[in-house]
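Here the structure comes first, spelled out in structure tokens, and everything after it is commentary.
We call the chains A, B, C and D, going by the order they appear; numbering starts again at 1 in every chain.
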Amino acid sequence: MAFNIYDLTSFNQSIDKFLYDNLPSFWAMIVEMTIIGVAFLLFYAVIGLFLVYAERKVCAFIQNRVGPNRVGPYGIFQTIADFIKLLMKEIIPIRKADQFLFNLAPFIVIIASFMAIAAIPFGLGLHAIDLNIGIFYVMAVSSLGVIGVLLAGWSSNNKYSLIGAMRSGAQIVSYELSVGLSMVTIVVLAGSMQLSEIVEAQRNGWFIFTGHVPAFIAFIIFMIASTAETNRGPFDLAEAESELTAGFHTEYSGIKFAFFFLAEYMNMFIVASIATTLFWGGWMPLHIGGWEGFNHVMDIIPPFFWYMGKTLVVIFLMMWFKWTFPRLRIDQLLKLEWKYLLPVNLFNLILMALVVLMKWHF
Amino acid sequence: MNAIINYLKELFGGIKTLLTGMSVTGYYFVHPKAIITQQYPENRKTLKMFDRFKGEVTMPHDENNQHKCTACSICEINCPNGSIEVISKQVEKEDGKTKKELDIYKYHLDMCTFCGICIKVCPQDAIIFSQGFEHAVFNKAKLIKTLNKPGSSLKEKVKEVKEVI
Amino acid sequence: MEDLIITGPGIQDEEYIVNMGPQHPSTHGVLRLKIALKGETVERIEPHCGYIHRGIEKMCERLTYQQMIHLTDRMDYLSAHINNEAVCLLVENALQIEVPERVKYIRTILDELTRLASHELWWCAFGMDLGALTTYFYGLRDREPILDIFEETTGARLLQSFNVPGGLMNDIHPNFQKRVKEYITYFRKKLPEYDELLTGNVILQERTRDVGNLSLEDAISWGVTGPSGRASGFACDVRKHHPYSAYDKVDFNEILYTKGDSFHRYDARVREMWESLKILEQLIDNIPEGDYAVKMKPIIRLPEGEYYQRVEACRGEFGVYILSTGDKWPYRAKFRSPNFSNLSAINKMAAGFKIADLVAIGGSLDLVIPDIDR
Amino acid sequence: MNNEQLKESIHSIDSSLNITEGPQYLTINVKPEDLSKTAAMLKNNPDLSFDYLFCLTGNDLPDAYAVVYHLESSKHGHALVLKVTTTDRENPTVDTVSNLWETANFHEREVYDLVGICFNNHPDMRRIFLDEEDWVGHPLRKDYTDNNIVTR
């Protein structure tokens, strides 16, 4: 591979060097952290607002509607207006709630999702931290959010919230298994848990193509299980609005509700990012063997756009699920996991190991 | 073996039904022509209600500010909700006879259930339904309307009142 | 914390009492269900009605028969036209007035359009209850042309008050037949989509099959009628067994199932839409010429006695009982509302199932709350 | 079975019943003390098997209270009206039929609520629509007055 104009590694390193040369190492670290933190906060907010808008537009088109179309052209400022509204809304105090936990819960949910995006590689050299156990870290951190959900349900002192929170607990405990196993399938293929290396391993072909059958099965299982993990789509039992009004966040209002709302969309973004990284080659452009001209054109598109494009496609898939299917019941949810997904997953893992051993993959 | 076949059948059959459902929603996603939303306040100019639409009761006046109501009160008697009040006055004619004439035709839009009986029973066809449907007001008192215009009078050549009720 | 512990007669230690409603997304109105839960399992349900009790029966005692009609609209607002017809048929039968054939045909067509519109609304709300939010818009989309047809002919979209004793308020609009025919072709194309999107869906099947079973004996004993009763095998279609208007002239099937679970209640309604289309097709081209009403006396006095008229509303058997003393208003009017009886069976159906199943059962019963409270 | 045959077959079972012919349905008039016996006979006799109670009405008549039961047989398709009148103006009481037809449970509660006829042995004799605690009177009685009633 020739020199890549989009390689940001050297650019990052030069900033790093500049800071450490001019400042004491402690302050340099602080400044670096602040820059990255602010950048991620901005990114977080923009992505969150965009996804809310996208979801509303997608579901509107599916439902033969127009969707938001009043604030700004095509309603693009609708979510910003909504967010301002949520900021200004009164936070209704719940007298009999457990105040400390009640106030803590939204922060846990949002911090968990915020921590997870730190390890995701958005482009060549464009990630905050490249852990050598990246997958493990992302999985562990992103499932911390359920603690916030459980706390919210418990501390609200509301019967519907409690039922919703308990459902959410049962759901995440079971589906964590499938998410993990489908990730392991890819780890077997890639031979590494470091996210940057997994992406690098897909330079000559995305895993969903090179790993053919088992990778495809793993992808489907990952999509189902991760949709369940984010409490979305047909698996939104924790907030099942027709049964539990709004489930665990029934009692939240104003900005605290906005935190839950934003975290839901960020979680969706995170699982879509993981899916992109593991199965769809991360920020790698689409290359077709033998088509040199085509590959060259593809290389011109910056990796960040490749990455976001793939992620949005995966997110669209999740939205499509949500707006098509009815909701499952709690026992059916668990049945799906333990009766279908887990056996298929284990079988798939063995198949993948076999494929890797016999070098059947491309 | 049968159990495994059944298991797989169940699995793939289930996936197939899910894909069928997704094909329906997917079809509409890529066919924005199927959108049926009406852009309401914008299409006010072109929005036309059907002729028979029961918007509110009105009393048509002709160019001479004349209406057809003889103040016979049949509509008032027939209204199930008491939303019509016909207030009449005795007017002395040139020939010395006194005649009952409409003073105020009061219509309580807030109590009206749009059953259409008043219009059906009116022997003179003096009241009709108009097609206006934007009834929202900030003050409830505005919903009590006077249907005859100020200074209006009875149109001549009105047939004799039929015996209805 | 003491005040959080609810004690009292009838409340067992392990029970978790949850109030579903009066404001709840899946009760479709102001119905309150007091549910005793054990975990997520429903132990028993106690319906509390009356949040929009308006005393229609009391009001009818001071209204003439023509004026009464507009109140029947407001009970089951989704089968407004059918409710109107019940009162009109009662008056006509009591006075032994033979209405023109044209009126019978038009009434039957409007009945079936009402039924289609109601079942479409039920379908979309049922999907929404189960979490498939898109169905809501597809159902409303298909209901819209029917409401337009109503609006063009009757002047109102929902509460039409189009029937009067002795006929109709108005003749049909010149466009009526054309529009109905257009709609039949349109909806014949759209109805298979309902099956693709929801009926066949494996999640819906799982959610509704063997949920809320009601045996035939129970259905009859509880008086569960309409599609809900026919799903249990109770042949209670008034259109078939006691034909009124033009129903004796059309050929249609009474949809009967045997199991009486939520899925059969669901399916009975979807199949009924096909039957409604069939009835419409048979009638729409054959509307005979004639008057749209017979001349009635301005004051209707029913001869002394008791009268009862049953019709098949969208949710079951709707009945009007009138006790007349020969006055111009009824001495006593009673409306037998299908939803009231259907609701009473909900405890029988839902006990032992999960709280999510209760939503499916309530949705498959298709309750309209104003009809329960009256 | 038409009304004539129905009348005959009922009379063959219990000849003491007072059956009149209305414009639509046969009407059996019974006294309150005979109600549960007659109702059980009508439901359980295999020739009659009136298993479907489709309407239950409470009436405040000028001199009595009446409860009107509209019954149909889902098997044979015939229908009749069972009517029980009680002249007790103070506390009218009638036996419940909710042990025979479950739907009577709610309908009797409605009658109790609106007309004020009490049903013996009813499993849950409470008001159903109006407020249990603070509603006074039974609105469908003719002597019921309320300041909010508008008379035209």
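The working rule: a contact is a pair of C-beta atoms (placed from the backbone, for glycine too) under 8 Å apart; a residue touches a chain by one contact, two chains touch by 3 or more.
What you are looking at is a predicted structure, and each value in this text was computed from that prediction instead of being measured.
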item: Distance-maximising chain from subunit B - centres being C-alpha averages; value: A
item: Whole-Å gap between the CA centroids of subunit C and subunit D; value: 24
item: Centre-to-centre distance between subunit D and subunit A (centres being mean Cα positions), rounded to whole Å; value: 64
item: CA centroid of subunit B to CA centroid of subunit D, Å; value: 41
item: Per-residue overlap in subunit B, given as positions that touch at least 2 other chains; value: 18, 21, 24-25, 36
item: Residues of subunit C touching at least two other chains; value: 134, 141, 197-198, 201, 203
item: Where subunit A touches two or more other chains at once, by residue number; value: 62-65, 323-325
item: Inter-chain touch pairs (all); value: A-B, A-C, B-C, C-D
item: Footprint of subunit C on subunit A - complex, ascending; value: 59, 62-65, 96, 157, 159-160, 163, 234, 236-237, 240-243, 245, 323-332
item: Subunit C - residues contacting subunit B, complex; value: 63, 66-71, 74, 134, 141, 144, 148, 151-156, 159, 161, 164, 169-170, 173, 193, 196-198, 200-203, 205, 298-299
item: Contacting residues of subunit C [partner subunit D, same complex]; value: 49-50, 53, 55, 57-58, 62, 93-94, 217-218, 220-223, 225, 234-236, 241, 305-308, 310, 317, 319, 321, 323, 332, 334, 336, 340-341, 343-345, 348, 373
item: Of subunit C, residues touching subunit A in the complex; value: 4, 16, 18, 24-26, 40, 127-134, 136-138, 141, 197-198, 201, 203-204, 206-207, 354-359
item: Sites on subunit B touched by subunit C in the complex; value: 13-14, 17-18, 20-21, 23-25, 36, 49-50, 52-54, 78, 80, 113-117, 120-121, 129, 163-165
